[in-house]
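In the two assemblies presented below, chain A is common to both, partnered first by chain B and then by chain C.
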Partner chain A sequence: MDNAPFTLYGTTLAARLLLGTAQYSSPAVLAAAIKASGTEVVTVSLRREAGGNRAGESFWSLIRELGVKVLPNTAGCRSVKEAVTTAQMAREIFATSWVKLEVIADDDLLQPDVFGLVEAAAILSHDGFQVFPYTSEDLVVAERLIGAGCEVLMPWGAPIGSGRGLNNAFALQALRKRFPAVPLIVDAGIGTPAHAAAAMELGYDGVLLNTAVAKAGDPVAMARAFALAVEAGRVAYCAEPIPPRDMAEPSTPQLGRAFVELPRRA
Partner chain B sequence: MLIQVNGKELEVEAPTLSALLRELGYEGTVVATALNQAFVRAVDRTATPLKSGDAVEVLVPRQGG
Partner chain C sequence: MAGSSQKIRVLGAGVVGLAVAYELARAGQSVEIVERAAGPGLGCSYFAGGMLAPWCEDEGAAPLVLEWGREGIEYWTNTVPAAEVNGTLVVAPPRDRPDLIRFSRVTSGFVQLDPAGVAEREPDLAGRFDAALFFAGEAHLDPRRATSMLAAHLREFATVCFRFDTAAEAVTEPADWIIDCRGFAARDRLADLRGVKGEMLILATREISLARPVRLLHPRHPVYVVPRGDGRFMVGATVIENENRRVTARSMLELLSAAYALHPAFGEAEIVETGADLRPAFPDNLPRIRRVGRVLDVNGLYRHGFLLAPALARRAAAVVLRDAYFPEVMDADPGQRQRA
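What follows is the complex of A and B.
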């Protein structure tokens, strides 16, 4: 194994950290965080213009100036119809066939509606989209998504914005082992760089996060911290970590240890 | 005629989707459109008539996670 660049739908990327663009305190902080993260891919969305101030146009200009690739999302969509229409609108406006497909089922956990997700993924893949499905860690759903045409999977670590890390590392690891050739990206729930490193140590190809950087006390420094953690986790995975043991195993050699022949005094 | 634009009821005169964008001041801006939850390509807006009760979405790029 090596720490080579990886490929998403034919696009080769060196950076394995993907970053969301929402919730930053200002466009300047957003731009600085993107630069500090070293990311090559950022997520964007479509929304109704608020207030007639052309903020959307200004945002889009900023992203284009940064020269990063965009991954439009269908955030907030509650039905297959909404998600498909939003994806079609995004393809035209952002000029990309990439789409981070979200079909949300539950208000409290923002849990993916995996049934709608598979249906929407099949429709969009058939229509020429390159779908990045925001999904759960369910292995059977993953199989269905691949069958629907998805060449990348993005299981959640934990609910969006929760910062809880990898709620089900066992299932995430099972996905990795079951689909060794499919690019896997942990999307959502990451809170600290340690969570991101843990995802990478499981063999995940990348991490997508937003809130953990945008809402940090110093988003630019945190973006850098996540970049380092993702790289460290990837290098560690490639270096093949030792398996955990139940009992201690001395690291200092036992051969040549002093005093081993002396009788113990009472 | 009375239609909905981005969830708000509006009295408009525009007979087509492209005329509506002009009427609402969107001309020259980067927007994506949908009519009654179906995507309408930019090139099809001129040939897309509006009728009373239609629901139009006009979306712009925004930050996303």
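What follows is the complex of A and C.
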């Protein structure tokens, strides 16, 4: 397996870790974590921060100063209309056609409303947006999203902020096999660097997370830990891990060893 | 310079301006307090929670907040006795138990309570939470009463005068020092200052009584309920990177849901007041004293206005009176952070 470049809508990135910007104890800690992670793309939410105008400008200018690519998101949107309006505002504020599309259906699990998602993705793609849909691991939904114009898919590992890791590794793997050429990013549910490495070992192109870094005891150190894990997982995937097997297979040959286990004569 | 009386103008009669003025007045200085509103403590301070909770705040704040916050508790219990030291109770619904565990890992100064311990301290919460953290050393105050008390203390000095309904720009007479404590209103002078919206509401009910602030942890909207006496409870506060003072329906929904989760009797409480204002904050959410010549900015106390104002005020006074320097909150080069 060759290490193909990580390209999202024509933009090639060196870092396969993407970070969210919410929940940090201060913008200064956020900036230090972004730096330590080496990430080149950060997501920013707008729904509540904009308040219908540019009232979030102070925070957004701090984000712009980070010098990384901004992927605005529609976090907190619960309807197609809300998500589309928020995306349009985001395009204006951050001068980008990228948008992480979230349409949330359920309060407890923050589960994506996949029906609304497909509808909003079609509207936004038609309007010239480059849509990064936050979706479930469902194959059929993935196909519909691609049909709606999405060239990147972002299935969840587990519910947002839950830190549970890859709840359904089988389905994530099936998605990878079905769409070998579509950039796939595990978005949400990652708790530890091991989860991120596991996603990369499945052949995922990248990992997007927020809470696991922002709420860690030391967010800056955790950001670096995730960067290392994502890199390790990617290198491991490209290096083709051995398949698991049921029996032991000694790594040194048995032949030629001393006859320690020769049956004794009676 | 100490000993000789200077004419000092303090801009802003919020908790920071009042505390700074009080330190200077007590040091024998002549202080003029200029405030655009009609009275003291009517800006951002008016909407504060009034929790003096440096150990809880240590969850996300820098160590300075704990260190200087303890000075704040001491000040509000002795120098200007507006606070009660009844501790803070931190609870989480069973499904958010991981948040309580996380909170306990990143803070100190608490004891774990079992259901009996919760019932003993807050009888009205008996049976509602099977685990809690109790931060015994924390205190709370009514911010409106506290700023009134400070203003009353200040009025006892013949050398102090208040000028209300007066914009800072409208005052042009010379002064030996100008100390700008206007919070977000000083944005025009401080390029890296931003406003972080906080929304709150006040509920009234006789069905519940609480002796101390209760924090309800939640992965997305942590909320606290602070008893204000007379059956009133302050519920706060949102933290939104937005410089617009509108109270939104969604924020009220979140605050009320949390209050209701704490105790269903809040469902029948009267909504007495809703409010919102902007907390002044620098990028690291830590306060600053900035000096340019004889102009001092004391700003950026973020969500720790009442907690940190006493410590900041003492140090600001030391800068004015003794030319002191505090590296924790003073930039070596004041111009350095002005870029933004």
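Methods note: the second predicted complex is superposed on the first by the 248 of 266 C-alpha atoms of A that agree within 3 Å, B and C clash if a C-alpha of one lies under 4 Å from a C-alpha of the other, contacts with A are read in each partner's own complex, and residues count from 1 in each chain.
One rule holds in what follows: a contact is a pair of C-beta atoms (placed from the backbone, for glycine too) under 8 Å apart; a residue touches a chain by one contact, two chains touch by 3 or more.
Since the structure is predicted, the reported quantities are computational estimates derived from the model, not experimental observations.
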Per-residue contact with chain A, leading partner among chain C and chain B: B
Chain B versus chain C as contact partner of A:Ala105, first or second or both or neither: neither
Which of chain B and chain C A:Ala31 touches, first, second, both or neither: second
Touched partner set for A:Glu57, first chain B, second chain C, both or neither: both
Chain B versus chain C as contact partner of A:Lys215, first or second or both or neither: second
Chain B versus chain C as contact partner of A:Phe94, first or second or both or neither: first
First, second, both or neither for A:Thr43, with chain B first and chain C second: first
Footprint overlap on chain A, comparing chain B with chain C: 48-49, 55-57, 59, 161, 211
List of chain A residues in touch with chain B within their complex: 20-24, 30, 43-49, 52, 54-57, 59-60, 63, 72-73, 75, 81-82, 85-86, 88-90, 92-94, 160-161, 210-211
Parts of chain C lying in touch with chain A, wherever the complex brings them together: 60-62, 98, 102, 105-106, 194-195, 197, 219-220, 240-244, 246, 248, 250, 281, 283-286, 340
Chain A partner contacts - residues on chain B that touch it in the complex: 6-7, 25, 29-34, 37-39, 41-42, 57-65
In the complex with chain C, residue positions of chain A that touch it: 25-29, 31, 48-51, 53, 55-59, 61-62, 65, 161, 163, 211, 215, 217
